[in-house]
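Both complexes below contain subunit A, partnered by subunit B and then by subunit C.
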Partner chain A sequence: MSIEITGVSKSFGPVAALKDVSLSIAEGKIYGLLGRNGAGKSTLLNIITNRLFADSGTVLIDGEPAAENDRALGKVYLMSEKHLYPEGMKVANVLKWSRHFYPDFDMDFALTLAEKFGLNLNKKVKALSTGYSSILKIIVSLSVNVPYVLLDEPVLGLDANHRDMFYKLLVERYSLRPATYVISTHLIEEVAGIIEDVIIIKEGEIIRQESCEGLMAQGYTVSGSSAAVDQFIADKIVIGSDDLGGLKSAYILGTLDRSAVPAGLEITRLDLQKLFIQLTA
Partner chain B sequence: MLINTEDQRPIFIQIAEGIEDAILTGAYPEESQIPSTTEISIRYNINPATALKGVNILVDSGIIYKKRGVGMFVKAGAKEKLQQKRRNQFFENYIVKLIAEAERLGISPREIIMMIERGYQR
Partner chain C sequence: MKSAMIYQIAEMKKSLLIYYAIMLFLLLASFLTTEVFFHFSANGTTINGIEISSMIFIFVCGLNSFKEPFRMFLQNGLSRKTLFLSYLCSLLPVSGVMAIIDTSIGAIGRSLGSYQSAFHEFYRQYFPAVGPGQVFIVVFALSLMLYTTSALTGYFITSLYYRMSKGLKLLVSIGVPVLLIIVLPIVDMGYANGAISRGLGEIFLLASGVKAGYNPLYPLGSCIILSSVLAGLTYLLQRRAVIKEQV
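Right, the complex of A and B next:
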């Protein structure tokens, strides 16, 4: 069981948003879909859910073509920036209609979450702040009970407390009822521990897809005096560096031979956010 | 237990070492139940697979054991076993680093010994 994306391309006028993208999204894993603004994240998620049509290529959901296929699309939920509900609709009715579209929708859980987050069920969708608009969409996403949940910028406008609540609820939900979650976000540090696999997209192309742990293990950071660092990295694959006065940190790909590290140099892990910045610069 | 995604140790290692610390300090006594991987992942916002990987290190090394359908427990003799392991690592983890820092600061071996004695008198 998986979502298989094969050779998908999409252009908007002269702009190629996705270039021959192939990707496999497995069942029961949490993915981080990382890319800079305009890299093609939302386009990809919208094509998977048939909200946009690819110029070429195919999307298979558990072996069935996704395009114009209600049964296949019923297995996927996309939380996107856009609301698909009429603006005058009340929050309570949004939940009711969600159950209509997704038969396994867990209404009790949704109501519990609404209370936890302090979401007013009688408010109209258009009257919600950016933060509460995100919260409503989060509540629906965590309650739909479909095998594939795609979250496009789920924490937009949320304060630190609500973001933390969301991450905890996501992990809890995932533990009790494993499903696939694809999280597209700019707040990489916050999800670094949650995601199992990373998909990095750059200018419409997938440049990395592998386990988070595996990606981080491919390199390390070396810090110390500029002269010592420069000497140490001379024969290594350097993906980037930061300078501060006479100090330097360099980001290296490759395995580290600890016995070859001279005194005065400090070795630390790559962190996902720095790695992302260097890979997509 | 503190989990830091910027730490040089992978998260699953930090989980394993955090539980070890709790066993060593007596927070998790022998034959007592430890938190489930779900509880650990929710508490630290980490993937359950990562928490499981950390816990499995301790299962494999005979520090904790699983009771089907009940949970995970600290094995009898785990504390003693961990103390032995940490003693073996003490030189690498503390003494080598202490000497390196002392050399950077120009502290003599004699001064280090005096400081250690002073530390014990507090």
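Right, the complex of A and C next:
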């Protein structure tokens, strides 16, 4: 059971948004789809969900072609940056119709979430702020109960409290009813703790697809006094550093030889965001 | 498919109720004015044309039936094929209900002597020769097919406009009226000696059954053919439609 993308290419006029993309999205994992603006993340998600047609290549959902196939498409829900609900529709009706179209939609859970987030069910979709529009989409995404939930910038416009609530709810939901979640976001630091696999897309090409652990194991962070850190990193591949007063943290690519670490330096995990910046620069 | 049809019918239901509330109010007001207060029917004054209003109404409904449902269906994992088929399958019962209401209004109005349907006006040579049961069936069938064709015309136009670029929309919006109102008459009268308008007239007379002695079964056939062509073209337009803005 998986989403299999094979040789998918898509151009908009002279701009190649996706170039021969192939990847596999397995069942029951939380993925981070990371890429810079215009890297092709949204185009990829829109092709998976039949909103756009690929110029070439195929998308299979649990072995069935996704294009124009209700059964396959019914297994996927895409929460996009801009939703496609009618502007004049009330929030309550969005939930009502979601239950019509997705038989496993959990209305009780959706209503509980609406109360938790303070979402007014009688408001029209067009009257929602960017944050509450995201909240509506989050509520549907978490209640829809399909095997694959794709979240494109899910926390757009949310304040810190609501973002925190969302991440907690996502993990809770995932542990209670495992499904595949693909989170496409720029807020890498926030999702680093919950994603299991990372897909990095750069200029329409997949440059990395591996476990988050595996990716982070490709390097490490060294912290300590500036002088000691500078001396330690002199012969290493440094992908970034932060200075604060006399203290410094440096992000290193490569294998760590713990015996060569001088006293006074602290070694921690690599920062996913720093690695992402390095890989996509 | 069932959910898709329920959605499509629900989309039309509200405007349909408003439309008939207005129509019934107007008919009642007209009836009271002509019959009760002024006794106009004694002078042969009648009310007619609800079918034309219904045709215009359902044409406008057709114009508004693509973009929002298309986006809603894609958001909810339904294909373009389901969008198209569910529209067709929900249009027929909606047209049917409208045809029954309009035909019933016509029958009641005629019995009161103050109403004349557009079909009775146009096919006045045909209807007096058949029984009331057949009149009801023929008027119902004509209404059903005309409403379906009107809705599909609107649906085709809105699907066509959706697929066009801004420039092409502008070109068609200006070009088609210019072609029909200015260029065609000039070419027809100046170069074709009226052959184009005569040809179009002949087609209309044949399609409407006038050439066959005002036979209302001809427009039924014409509507079935036109509906099929419009439905086919609309599907071709919709099957490759995509969400335009970045989502």
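The rule we apply is simple: the second predicted complex is superposed on the first by the 241 of 281 C-alpha atoms of A that agree within 3 Å, B and C clash if a C-alpha of one lies under 4 Å from a C-alpha of the other, contacts with A are read in each partner's own complex, and residues count from 1 in each chain.
To be clear about the criterion, contacts are C-beta pairs under 8 Å (C-beta built on N, C-alpha and C of every residue); 3 or more make two chains touch, one makes a residue touch a chain.
All values reported here derive from a predicted model rather than from experimental measurement.
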| item | value |
| --- | --- |
| Fit-or-clash call for subunit B and subunit C when the two complexes are aligned on subunit A | fit |
| First (subunit B), second (subunit C), both or neither touched by A:Leu84 | second |
| Partner chain in contact with A:Glu115 - subunit B first, subunit C second, else both or neither | neither |
| Partner chain(s) touched by A:Asp104 [first = subunit B, second = subunit C, both, neither] | neither |
| Centroid geometry (CA): angle subunit B/subunit A/subunit C, rounded to a multiple of 10 degrees | 150 |
| Which superposed partner A:Asp159 touches (first subunit B, second subunit C, both, neither) | neither |
| Subunit B versus subunit C as contact partner of A:Glu210, first or second or both or neither | neither |
| First, second, both or neither for A:Ala192, with subunit B first and subunit C second | first |
| Partner chain in contact with A:Ser175 - subunit B first, subunit C second, else both or neither | first |
| Which of subunit B and subunit C A:Arg269 touches, first, second, both or neither | first |
| Minimum distance between Cα atoms of subunit B and subunit C in the superposition (Å) | 28 |
| Contact footprint of subunit A on subunit C as seen in their complex | 1, 3, 6-7, 68, 71-72, 74-82, 239-240, 242-243, 245-247 |
| Complex interface listing, subunit A residues touching subunit B | 30, 164, 167-168, 171-172, 174-176, 189-190, 192-196, 213, 216-217, 220, 263-264, 267-269, 271-272 |
| Residues of subunit A defined as touching subunit C within the complex | 42, 46, 49-53, 68-70, 73-78, 80-86, 97-98, 100-102, 146 |
| Subunit B residues within the subunit A interface of the complex | 3, 5-12, 37-38, 41-42, 44-50, 100, 104 |
